[in-house]
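The chains carry the letters A, B, C and D, assigned in the order they are written, with residues numbered from 1 in each.
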Amino acid sequence: MTDPTFRDDMTVQLVKHSAADEDVVFAARVSTKGAESLPTGTFGPAEKGLINFLMRDRHGSPFEHNSMTLYVEAPIFVLREWQRHRVASYNEESARYRELKPVFYLPADDRKVVQVGRPGRYTFEPGTRMQRYTARRSIEMSAYEAWAYYREMLGEGIAREVARSVLPVSIYSSMYVTLNARSLMHFLSLRTEEEAARFPSHPQREIAMCAEQVEAIFAELMPVTYAAFQANGRVAP
Amino acid sequence: MTDPTFRDDMTVQLVKHSAADEDVVFAARVSTKGAESLPTGTFGPAEKGLINFLMRDRHGSPFEHNSMTLYVEAPIFVLREWQRHRVASYNEESARYRELKPVFYLPADDRKVVQVGRPGRYTFEPGTRMQRYTARRSIEMSAYEAWAYYREMLGEGIAREVARSVLPVSIYSSMYVTLNARSLMHFLSLRTEEEAARFPSHPQREIAMCAEQVEAIFAELMPVTYAAFQANGRVAP
Amino acid sequence: MTDPTFRDDMTVQLVKHSAADEDVVFAARVSTKGAESLPTGTFGPAEKGLINFLMRDRHGSPFEHNSMTLYVEAPIFVLREWQRHRVASYNEESARYRELKPVFYLPADDRKVVQVGRPGRYTFEPGTRMQRYTARRSIEMSAYEAWAYYREMLGEGIAREVARSVLPVSIYSSMYVTLNARSLMHFLSLRTEEEAARFPSHPQREIAMCAEQVEAIFAELMPVTYAAFQANGRVAP
Amino acid sequence: MTDPTFRDDMTVQLVKHSAADEDVVFAARVSTKGAESLPTGTFGPAEKGLINFLMRDRHGSPFEHNSMTLYVEAPIFVLREWQRHRVASYNEESARYRELKPVFYLPADDRKVVQVGRPGRYTFEPGTRMQRYTARRSIEMSAYEAWAYYREMLGEGIAREVARSVLPVSIYSSMYVTLNARSLMHFLSLRTEEEAARFPSHPQREIAMCAEQVEAIFAELMPVTYAAFQANGRVAP
């Protein structure tokens, strides 16, 4: 029997893509150029200006003709939030079809664990050493105990889909998500902490940890689009 | 401190709706009648025949001009499957914004707990008394233990969003889901056990328990549409 | 043979709905109240405040648990723009299944017909009397001529789906559209002239004429939600 | 002034893609293999069998982790039908932002022009020589006349968005469409003539001409997926 292991980080890995700033340009230019809009491979100030104009004036559809596929490992409570974004494609590891691995999320010691304020208008504080210790110990112990019940049931020949019901939402699962830049920007606009400054109903820290990695991948694949997104207040077009 | 309680059933309750067989008819008739298609309140054999024709020939869009809002209580592992259906609107209880209630799913004694066969081609067997006892006791005990950790953390002032990570996916959550008949039929086509006969990759029993209630609500609100769905092999148009 | 007739207005008519401000409230409150969120019929300052908070902080999903079905008559060039909005259900009159009616769009005399400026940054001017006369006469004459060809082909026994290809995009068609408040607000944010002040790429006047009627219907059904939309810059959450 | 030209064919051209049979495999295998499902580059009988199983049992989501972008030229009446498919991204040439080219659809002489039977249960017949002549001459003449009005208005300085209302739906427009294999198969299942055998409400010949080209592109990019689609009755999973 494998023992539980613990992580305090998230995996977001680019698996494949067809996504470049040029894709925004050819899609947009069909409006004014028809067949002459087909990709040419040139990209200069005019193309940059066009992308900025589209973002500013909320022309959303040109940002959809591209595709990124990510492999993600995160605890179930994070995947639950992520999968509420409907303009994307998901396939996830199944606790019905396979035995899960005993990998659980244990917050790092610098994860703030005390919430101050009321719903919609609160901040997080580090908490005392004792509070952080209690949190970490409880999460750790509960994982060990849940895992023991899970293994016991499997050992007795009980179906995985029944046994899995004892597992906590801190257990890691994995998924592929495929989405386009418009949907990705919408995700960033709701799930990163930059938003916390404007909207007091923060994203939870753990999904923000994923979103930051998504943002880095996006910024590298489509730097001009990303810069325009930043320059226009991080609101998806 | 409240003690855990256990349920072996699901709640699916109709909250509001604007859904009747007549809605399919007026939507379809705009094709051939334009303005004369506006609802008239008459419904007879011609209307019934039209609905059957639309279902058979897979004209899907006329089945979308209606709306049903359901209130659902089910364990998290069921809501996870449900929310993968993207053509619907969801709002769910938040374990970040409120303390959850200690209500957990404990399978009834007749829930078959042993899976025989390989992925994609298996059946479920009741299992021995001992197996069923082990399953029920493990699920029950793990709920008690997880709940104790959860309460301890909250008692120490730790944020709900941190504490909730120890809770198992057997805990109940609640949500509203709003969807139209076309999306609902697609849900039924994948999540009821009638499908198991045709497709060996069964829905899990617990989501089928929800789907059966959805089906009963749908059959009452739109009986002619439901009959046509049945008559055409339970495949959504 | 019927002669062409001309209109300079659009029809947008509420056919049925299940949409009220209360629907936003119960959907949102499930986050914090679970089962206690079920509709109670009370609506006061707290409910109003909640709706405003949701709009401001871009919590979009509570605005989806409602449904409005509209009957629309507009020229094809308007329906083309409208149907690009994908989060909605459409059924339209079919020129394959029925002979269309000879009703065409002829702009009113106060429709500005001259465009000044470059793409993305232009205004419309009334134009000279001569220009307005040319526009109206050309549109009128072309409708008569196209209609004559259409009727001639139908008279010769040629299929409607072939004959219809001569009809201009100024001909009226009719459709039903069903959508929720969130999608409707997104439509308003792009298709009304209030937007023209902020975004120089205007909606065309004719779809704005439809959007104004949609807006009036929405403001009457969901006045608090509408006020919050206005107060938050007419951007859909 | 350019004179109208006529075409009887459709353009469907692959612009870019990230789509291969392997994409279905890695997405599906995350269910049972988690991280070990990452693409390996091997593709043999097991992978083929998996794709066939997924198609047969209607596991749709693994067919979504891929992307194809097509450039299309077709008459407006075809694009209107195409754009009703909502699970795809579109950008189209704009008759508001540019002057259209005078290219019109003129059916080839072998296009059957006479419809026999009633809605939902009809066939097409070639028609007499006279009927085919009438159809072709009417469509041709109407294009010339509409184009003359259009050019006259533009010559007088009238805005493109006003002038375009005289143009018939036979005029060609161009668009980009980006979609995944699942959505593409759904499109094929409704818009190709293979379907006519099963469902008497045929797709119109002209959109089927596009769909045939889409099908050829798909069959080349994802041959195993395409074969599975064929083998399972051409119904999208």
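In this section, a contact is a pair of C-beta atoms (placed from the backbone, for glycine too) under 8 Å apart; a residue touches a chain by one contact, two chains touch by 3 or more.
In UniProt terms, the chains line up like this: A, B, C, D = Flavin-dependent thymidylate synthase.
None of these values were measured; they are calculated from a predicted model.
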item	value
Angular offset of chain A relative to chain B [C-alpha, multiple of 5 degrees]	180
Same-residue or different-residue interface between chain B and chain C, half as cut-off	same
Centre-of-Cα separation between chain D and chain C, whole angstrom	26
Between chain B and chain C, centroid-to-centroid distance (C-alpha), Å	33
Centre distance in Å when chain A and chain C are each reduced to the mean of their C-alpha atoms	34
Shared interface positions of chain D, touching two or more other chains	32, 61, 84, 90, 97, 119
Residues of chain A defined as touching chain D within the complex	15-18, 23, 26-28, 30-35, 38-39, 61-62, 64-67, 69, 71, 73, 89-94, 97-98, 101, 173-176, 178, 180
Complex interface listing, chain C residues touching chain D	75-77, 80, 83-84, 86-87, 90, 95-97, 105, 107, 111, 113-115, 119, 124, 127, 130-131, 134-135, 138-139, 141-143, 145-146, 149-150, 152-153, 156-170, 204
